[in-house]
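Which chain is which? They are A, B and C, in the order written, and residues in each are numbered from 1.
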Amino acid sequence: MKSKKWKVVLALLLIGSLTVQAQITDKPNFGKIAIVDATIHTVTEGTIQNGVIRLDGEKIEYVGTDRSNISDEYYIIQASGKHVYPGFMDSGTSLGLVEVSAVAVTVDNREIGNMNSNMLAFTAFNPNSVSIPVTRVSGVTHVITAPQGGLVSGQAALMDLWGYSPDSMAIDVTAGMVLNWPSIRSRGRGARNLEQAEKRYKETIKNLNKWLDNARFYQQMMSEYEADASGKVKPEKNQQLQSMRELVEGKTPLIIAVSSEKDILNAIEWASHEDNISLNIVFAGVEEGWRVAEQIAKAGIPCLVSTLYTPIRPYDHIHRPYENPSVLMKAGVKVAIMTGEVENVRNLPFNAGYAAAYGMGTVEAIKAVTINPAEIFGVSNLLGSLEEGKQANLFISSGDPFEPLSQIEHVFIKGYQIPMDSRHTQLFEEFLDRDATQE
Amino acid sequence: MKNIVNTLLLLVVFSVESFAQEKGSVFIQNATLITITDGIIQNGDVLIIDGVITGIGTDLNVPLGVKVVNASGKYVMPGIIDAHSHLNTVSTNEARNPVTAEVTMEESINPNSVSIYRAIAGGVTSIHLMHGSANVIGGQGETLKLRYGVSQDEMRFVDAKRTIKFALGENPTRVHGQGNGIQPRTRMGVEQIIRSHFDEALDYRARREAYLETKKVYEGNRRGRRVPPVPVAKNLRYDVLNDIIDGEILVHCHSYRADEILMLMRVFNDYGIKNYTFQHANEAFKVAPEIAKNGAYTSVFADWWAYKFEVYYSTAYNATILNENGVTNSINSDSNELIRHLNHEAAKTVRYGKTSEADALKMITINPAMQLGIDKMVGSLEIGKHGDIAIWNGHPLSIYSKVQQTYIDGKKYFDLFTDPADMRIAVDSDDFYREWGFNTFIQGREEDACMSDVFELIQQ
Amino acid sequence: MKINKTFIGIVSFITMLIAWIQMPLLAQEVPAHAITNVMVHMADGSVIENTDIVWRNGIIEQVGVNEFIPFDAFVIDGGDSLHVYPGLIDGMATWGSPDIPRDLPRLENPGKPPYDRAGAQPDRIPAHYLNEDKAFEDAMRAGFTLVSLGLDGQMLPGHIQPFNLSAPKLTQAHAFSDPLALQGSFDTAPGGWGSGAYPSTQMGVMAYFRQLMYDASALQEHMMYFEMHSDMTQPEQNDVLEALFPLVNKEYPLFFEVDSKEEIERLFRLQDEFGFEVVLVSAKEASALSEELKTRNIAVLASLDFTEMPDWLEEEIKETEANDQEINVSNDDDANNKDVEKTAPTEEELVFRSKQKQAWEEEINNVASLVKAGIPTGFTSDGMSPKEIQKKINLVTEHTSLTKSDLIELMTVQNANILGISNRVGTIKEGNSAHLILTDGPLFEKGTKIHIQVSQGVINDFMEN
């Protein structure tokens, strides 16, 4: 009985793929595509009922309600009752850098060293990681993939999730320099322990400042030399300092991983110092941001935060992690939601869903995984909303994408309608009715 | 005379067992009742008297003297049951021997952990507090009711079946083989550890029984002319293993790969062991028909995978495949974070494979109850069952829904609107307030929570 | 031969006499001693003035007003102003114990370690393991005349044995009596991950303990059978298990070092299973279980090693006091700067503080609550240096209902009762061993000095220097 029932279901699945999904079983669909009758959540320009989106190759050609320009060339996706959203972007992951966390030889996100500004996540990004298809079919189309460890871990990359080489998938190879804020960690109770911790902290900050001073000097020297090399001896190239030229100019964001109240305040103080004012600083983690939201807002520092972790202090209210993004947002901080995940980046919508449910509201939470991160990382001309001329990164959902009960039905990345399969779906299809035979 | 003494002894034991638990009465009105076993009742009422559900239906009479909670627009669901938790252990792994059946989580309960409160706030009312997965045969588990604020003894779920943790694969081979250079280093070794210990236990039982028998004869023979037996000491470890063989203890086996799941079923069939649950079981979907045939259960993560090698070839569709193949499956947390939203973890079975909403909810209520041998008492809204319920402000599978109140035995243990933020019971007089410092960005995970204490130990 | 013996006797008497003349008041061995004209503090807290105490061979011969002082007694005159208290007893300490060995070799099979590596060494007797320890002299100077010593270890470190604190360097000869209990705790096997062993958790310790008891009772039975039937298999020799026979037979108490309420409850489980007598050592949360302790007739050797008062509370009290005295500190620059840095506590922090204060008060009231509940309560230094005792006594008398004389009672007669040696020590009366301290004021009061400490009749004078 059971196996028969599933044969029917499988047959239906097959029929489905032969008709609607005929062109995406193996290869993506690409070219002129029109999605019609959908509820379109543009993010930047409101919601359009019974809307139309026309794609032409990589770009969005049109967003609106006018169906008159859909010629025969267009492949039409009928999406009545469905919802279209810009592809989601996760602002903090190690996707593609780590295949199996517990198997050290597959972990490429943590280089040895304390000042690794020249390390590029882009280099270690494995475009064939099994986790990538698993992620993108959930509607997460872009990730910041970041290195870890040391004081300065290296440079995070902004990647899209369709392609066969890091080169074709990189939106920004040097999307942000990752700095792990030197936390004042008291090794015990009492004033003396705290004093020692503060001493260690000051030492680290001194090194950090020196490192940045060197970089500023190098940048100035190289700029002068590059502007006019005549009569000048070519300066020796320093890989590490070379990698920081855009950082000190404020072109590459400095992503500061900082979490606790006191550390956040210290980081703000440091960021506000005149030497550092030219830096483009972004906070990541920021679990205790709600305690000092006003100060963060005043400093104008955007925050990358998640929601699915346990309350930090034993006396924190149970909902603090869920409410943190909304408290920050309401104080005026630009907030992007991230997962901090490796293989389960697909849970980004649920992280955002908790933010939405606990004070942020769905509309703002959608922004926190689309236009906000695009703005924070300086790519809002390309990503983050459904607007004409932007890259065609979007997905079609059966309902609110934050709801686990909704299905993500189609995903487009830079115009490619990607196959909706992954190891997870393939194993499902193989094993749902394992012992069935061909009819 | 002897019988009377025995009866008296039993009475004493009984009165110790049935310690004074606080039970409550409450009448919850006009809610959408998700009964789990009998569909959904709109505008329904639930009456709990002295900790037991005595009425379910529409337009029930409001009994005198019972507190009434108007829950119109709300959902009432039985309390969530987590079949795999280390929520409030004192220690999780007795990791220094591959077999430690003699230890029990009953003696490793921390009743003061604020994690308990955080779980209740997610609608969870019972957990299976488990030993970790360092050992092939780990310690015995303890099913708890999350009565926050009572003593460790009063947290115990009285009349729950006894359970024990087994573990296959990477964790025991890594801790003992790789870590200490003793068997098991491989999955071959894991099987033989189990078989040899069962055999030793059976041998011990025969020797011990023979000794006791001879002793009786010897002591009955007042003249003492017969030669007395060499005493065989009571052996706690083997006693527990024999109880497993006798079916008095339910095995919950940490396992991932399909082949090791099959191995354990072969071994258990050889020793006549039934009614066991595969925990985590990321590859159970590959052998779902065999699991169903053996009547075994599974208790899985909603979507955890790829953090270590033995979960690399797995799928978030695991639960759906198992369910569709007739395996009674539950969704567990094994995490103090996931336990806060197991409703949402269950909802993922709908996203991954379109399990029905009704079945998804079973996976966090009646199914885990079956796996723990408490399904006659909890896991659904039924007359006669315990008053362990949660009131939600929306459908429990929606990400926007929140638990508003949680009741255990009819007594309220969580109230979203009236509880203060700081719900700690045990406050360290040596605690400090401000000196916090840490940072996180990318976290990921390398291990299931089963092993966290072992890794802390290794890192020391 | 006979002449020789007499001769030697005379010579040694003369030698002693010379020693006595040259070094008065130092560890003497003379026929009798007396302290006269002192205020004697009795067990019930009453004081008898103008009293004389006479002892000989370590035993008190007379206590009373205007007693007849024997002609051969060396007399210390209290001059009406000195006080005599019974010598203080430390209910349990591990002074002089060998340290727990570090850098233990890695075990081949950590799951089946030798007994000592599992932490089970109940066969050890303190008298055989006495090392030099500065704490002995510190304790003497603090007024202690007797200490029941245990050993540093884990689950079953060994026996508990009382010693006279009659010399700063203790040897077997200073033993007050044979061992009187076994020592226990929930401490796990030594060695950490690298060289540790089973049991490595508290639940493991409990299981291992049970198995030891089962093995011991089987061995005991076997030995009993073998005594009657030498033709049967001979039982193995096993000092560890044999040391547990008194516990198996409920003839011997287990002095168990434990603090938290939950751990005490776990100890109750073991007690229920095996029925032995238990004395709690340290027991910082014992008062939470007063009723149960009473039912079980369990005594407590309580620790006074309390957590320091939280900084903020100390400051708060100081501020209140300063305000009360209306001391104007506003001109003080330092104080001003501090005030600027200090931010008012948030509402959350106030909640935190009130909970912390409650926890701290519960902790410090533990001993008072036990006494109030009628639990036999004594005192153990339990890891605390004797030098710290005065500070902790001030803390506990300042913040709880306990008085200094209550504490003296815990440290004398109560401890003697709990250790089962009250027929010999704990009170000053005829027939008891001479354990006394001579002070120039009420004990534990500010400025009071201990002049002389007498342990088992041996005098130690601390006013010498």
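Simple rule for what comes next: contacts are C-beta pairs under 8 Å (C-beta built on N, C-alpha and C of every residue); 3 or more make two chains touch, one makes a residue touch a chain.
Since we're looking at a predicted model, the values are computed, not measured.
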By C-alpha centres, the chain nearest the middle of everything shown is B
Relative to chain B, largest Cα-centroid distance belongs to chain C
Whole-Å distance, C-alpha centre of chain B to that of chain C, is 43
Averaging C-alpha coordinates per chain, one finds the centres of chain A and chain C separated by a number of Å equal to 62
Per the C-alpha means, the centres of chain A and chain B lie apart by a whole-Å value of 36
In chain C, the residues touching two or more other chains are 348, 351-352, 355
Going by residue number, chain B touches two or more other chains at 421-422, 424, 430
Residue numbers in chain A touching two or more further chains are 315
Seen from chain A, its contact residues with chain B in the complex are 2, 6, 92-94, 98-103, 109, 130-131, 146, 148, 178, 180-181, 183-186, 189, 194, 197, 255, 257-263, 284-285, 287-288, 308-318, 340-344, 346-347, 350, 353-354, 356-357, 402-407, 423-425, 427-428, 431-432, 434-435
As the complex stands, chain B meets chain A at residues 114-115, 117-118, 121, 170, 285-286, 288-289, 303-309, 312-317, 320-321, 324-326, 336-337, 340-341, 344, 347-348, 350-354, 357, 397-402, 421-424, 430, 432, 434-447
Per the touch rule above, chain A residues touching chain C in the complex are 191, 315
Note: in the complex, chain C contacts chain A through residues 311, 348, 351-352, 355
So, in the complex, the side of chain C touching chain B is made of residues 108-112, 189, 192-193, 196-204, 206-207, 210-211, 214-215, 217-219, 221-222, 225, 228-229, 231-233, 261-262, 265-266, 269, 307, 310, 348-349, 351-353, 355-356, 358-360, 362-363
